[in-house]
């Protein structure tokens, strides 16, 4: 089963490994794994989930290589990994385009590549693409904001946005999704102050935003980690006339939504659980098996996780999934 | 010849003029703000609040810049300030530390700052490492250690006292701004009115001359890095309070901001000259630019392009004012000579 | 007095010894590699390949460091190298440019590098801006412009000629390594065997003396930044080829790496002294450290902690060797004096 | 001589720096093949004048005629092209370039931009040989040369240009006696070839020996032009200072050397610099060290001061072992080092802060500095030393060379100095100020301060010191009361010395 569709039936982020033919121990699979150095909770969760999932299987050996600080470092690290000839490689690239060549190299060397989250432009560079939906995330946030404002009868709302690192493509996609969704309601973003996925930068960006918009109706903050700082800034500025939507679905955010004592009313997921799924599917690929709920004999080529909206009403369901 | 005693102290004049130049730059930024967003500036409450916000956002980096200014005047450079803040912040927000309450957290942050500064100082003064390299190495190591300690997670501060520092006010002025003011005043006194400050200028201006005048150059160099570390410890508390959390990537690139602010404020990168007030103005210029961009909702890439231009313009403007005004003043004060 | 002729040319020795120290550091890193991963090092093919990989990874930053070394020897600093690479890379991979083929892309990258270097140079030499501030402003602006041009997207290079540079070899050696070698040799000749190089040392070491000797210090300063820009243009092509793409955030923090490598290689941050060979060794030390971490699969945070320590150890080791060997040599060569 | 053509004529040249009128109507006429001396007190404007000739500064007004043509060099390059080469007062060489590269800096022999290193080295060797210094290796880095060697290189640089006029700003200041003779020989060769020389020195004896005519500057004005070099001293000094006084040493009250020595140096050695040096200085005694340039005196002084670590031997001040500069200063030792710019001054700081650099802590209360007290004390010292201008708030950078030297000496008059080490204290100091400095040293000695003095001017050592030590090749070879020695004996000792070796104390 795929975690993204039905997270409730799994223990936190591990897929169900029992009561399923695929769970039976098969031939040993060595999975090479590489993700960027984490200075962020989401990426840390990606690596942790991958490790936890691999530990579930007695027939999987996970070999993680640290990918360092940038694409060049990751290329170097993957070169050493390819030389070790694992059965499958799961990687979350710094940048899909910059690591496309490495993906091709691995595939040419006969190692199937599972690309996590950041797509390679060339289809020949991966066997499986499993990713979150950045555009869909923005869309979900926009829809929630639009619905809420419509319900409140606000006609000309002032909407703020706090993206993460603005030079990243994923940020661009999220923003595009938000704008598309808001356009449906005839709304648009009044001010946009990017942060850097860290709480202190979130605080700084939010402070600037709040200063620029003395009155606001809604705010979308792309990332729950930086959201800690955003919420702090809101409190420090003594503001509360608006509601806020988060992004990614961290534990703190889900708790805050449940408690309902801050402006944070919802968050749209971009779950690191995709790493767990990636390991499971990599194992299946390594063993030549398919996904048991699908008729096809092999694992499909692309899987995109849906972005869900967590609100006070369904928060309990997602509590376990927060990272 | 006796008329000369009446001459102003030239160097001080220069400094005042440079600072005047920066005040001019600040004024220009404000004027741009008024012109572009008149509706905001027409509300006195908003303006008052905006000034306080700018000051508040400048507070942590301002504290760091004071320490950095000392280090640069003393002939060094400290690339590790951001990393020290991250390490101090992370260390003081571990669950174990938070158990000791606000005092424990503050104590931890200050001690971590001091200790890292001490390591920097010892490596540079006694290990004879170039400060650029030693503090670059520290930057990498301290962020690594911070990541290790925090498990790469954002550590939330659950301590209300700490968290409330950033939202509290004293006589209508945010506590963070008071802290900045205190550090700036202390830094100014230390630099201009104490033997420590005098030594700093001597050590940075001509270390050999300082040594031959009996100053313990090594010890002093070490102390400068300790001072910078201490400022980082203070800034760590301030930032943690603002973000109600700390993480290994916090205070990213603060080193560049602090150095740039110090230099724009008139501190000589090669040491031996600099002013605390100038450094403060440098910080305020940056923080006002950010504010200006925010209220005008400039896109990041446009922001960046414009920011580079503003920095260059600010320095050029300042130089220009400085030169012509200096000449004016000199002429006016020296009529007896020609 | 006549006995003095026997004295060796002390500093050439100094440089050789410093470089020897760095070779020692490199050797130590290799030994650590052998000890920790004997199974890899027992395969000669792997070792050969690993050496080439290290060199290849060092190539782009190596080219940048050569330009940076000139700038620093000449008394400046260039914080904008990473941003120039990004701008040159992005500009040369726009669809419009790619339409002109490989030659068009290379031409564009070089011209962008030269042009940005020229702006830096003019601001610093004739606008009298401190190079730290001018190039910091350029860093911000050029990255902003790169983001604007690329629409913040990663631009894929569809040009096979460009893309194949990184994967081609010549006589068994990667083309990128050949480019690095060519730039290093050219840099060495330029610094040590031309009037340009000698004047660079003079301009950085004693600008007043250079001016009195009739050197056009401003023009020369400007040219140094143009040279650095040109190196960035070359590096942009190399990196684009390696990543088969370019984006506004590429070559992030290359300025720090290049400055650190130059300084570790014995270049004086205050100008007037430096060596190209040393800078190359500095780059190789960093790239070997990265390789060592990779083959040992160290966690990033541990990597960072260790890296800082290695940098410090490397410089200390180098100083130690340098001092004791220098003393030895002095004793041996100067017996006639006492 | 008078029928020789005038090559350079300056009329009414004015130059103002912010706050100072450095030149206020200067006239100067230099003829082909003559040695024209410029004389004037510290700060009179000599260096400023020659920098205008060299294209470094630009005159505010006035007329310059160079070989009959109006002349206003915009850059040093223009002046050099016109045939004017300059040896500057402050050694302006590049430390990390070789001797040859420094000599030809800016006009390197080259092919397509590539330096011709062999040709450069050969040309440099030729020039150095003509200067009588074939032993200086063209490939040696400047930083590895002693001060005197650097001066030779500066001269070589001036000679490397095909100059019609060579300006020398205090070239003899760092030269010892034999070197000065050598310099004069070169000057004579130059003038014999029709090259004009403008020569600046504070030593009247030199001017007598080498000069043809003298122009005297006072406060930026020409007070006498085209005087014969044989004009009586009294008259020259009068034109310079407006006062009349002689180059004299004040009479000495004899000191009681039977007291316990203040300073005891016991078998001090540093490899390659000096060996086995023992000496004492008593309270109130002035001990002079004579020796050739390069004999290791500066190193000895720095080692006594704790600034260099001795290989063997000890230094004791009043019973306290000196282990570093810190202890030395704490126990009342002070040193005026040889190279004021690099070793002593904070050029951008005001005079008073430079003067109190070693004593501001003593003025301070609880770590807080007392700037007013410092200024007052500095002003008193400025009076004692006749500092010009008398403004203690002015940055040291804007002071003339000689006045900067006074600031360095003044530093140690402020503290509680009990032993003063002076390394070439009168280098670049004018006649009048020199006499004042001598008086200051005597007054100090009278107050019980011990003085250890290094000077390359033998008369100064003999005239000022009570006891003289002669140093050669890093060893003390003779010690005697000053009264028992005369200039010729000392010069013999310093240079040959072989006959007297047995007498070494």
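Should a chain be cited, it is by its letter among A, B, C and D, assigned in written order, with residues numbered from 1 in that chain.
Operating definition for what follows: a residue touches a chain if its C-beta (ideal position, glycine included) is under 8 Å from a C-beta of that chain, and two chains touch if they have at least 3 such contacts.
Computed from a prediction, not measured in an experiment: that's the story for all the values here.
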Ask   = Which chain pair shares more contacting C-beta pairs: C-D, or A-C?
value = C-D
Ask   = Which chain has its C-alpha centroid at the greatest distance from the C-alpha centroid of chain B?
value = D
Note = Averaging C-alpha coordinates per chain, one finds the centres of chain B and chain D separated by a number of Å equal to 43
Key: Between chain C and chain A, distance of the C-alpha-averaged centres to the nearest whole Å   = 37
Approximate Å spacing (C-alpha centroids) for the pair chain A, chain D = 73
Inquiry  = Quick check: what residues of chain A touch more than one other chain, meaning two or more?
reply    = 37-38, 166-167
Remark   = Contacts with two or more other chains occur in chain B at residues 143, 147, 152, 248, 300-301
Request  = Could you list the positions in chain D whose residues touch two or more of the other chains?
outcome  = none
Query = In their shared complex, at which residues does chain D touch chain B?
reply = 16, 18-21, 305, 307, 325-326, 328-330, 335, 337, 342-350, 353, 357-358, 360-361, 364, 367-369, 389-391, 393-395, 411
Query = Can you list the chain C residues touching chain B in their complex?
reply = 79, 123, 127-130, 132-134, 136-145, 147-148, 152, 248, 256, 259-260, 263-264, 269-270, 300-309, 311-312, 315-316, 319
Query = Taking the complex as given, what residues does chain A use to touch chain C?
reply = 37-38, 63-73, 75-77, 79-80, 83, 95-101, 121, 166-169, 171-172
Note = The chain B residues in contact with chain D across the complex are 1-2, 4-5, 7-11, 193-198, 201-202, 205-206, 208-216, 272-273, 326-327, 330, 333-334, 337-338
Inquiry  = Residue numbers of chain A touching chain B in their complex, please.
reply    = 37-41, 43-44, 166-167, 190-194, 196-204, 207-209, 211-212, 214, 225, 228-229, 231-233, 235-238, 252
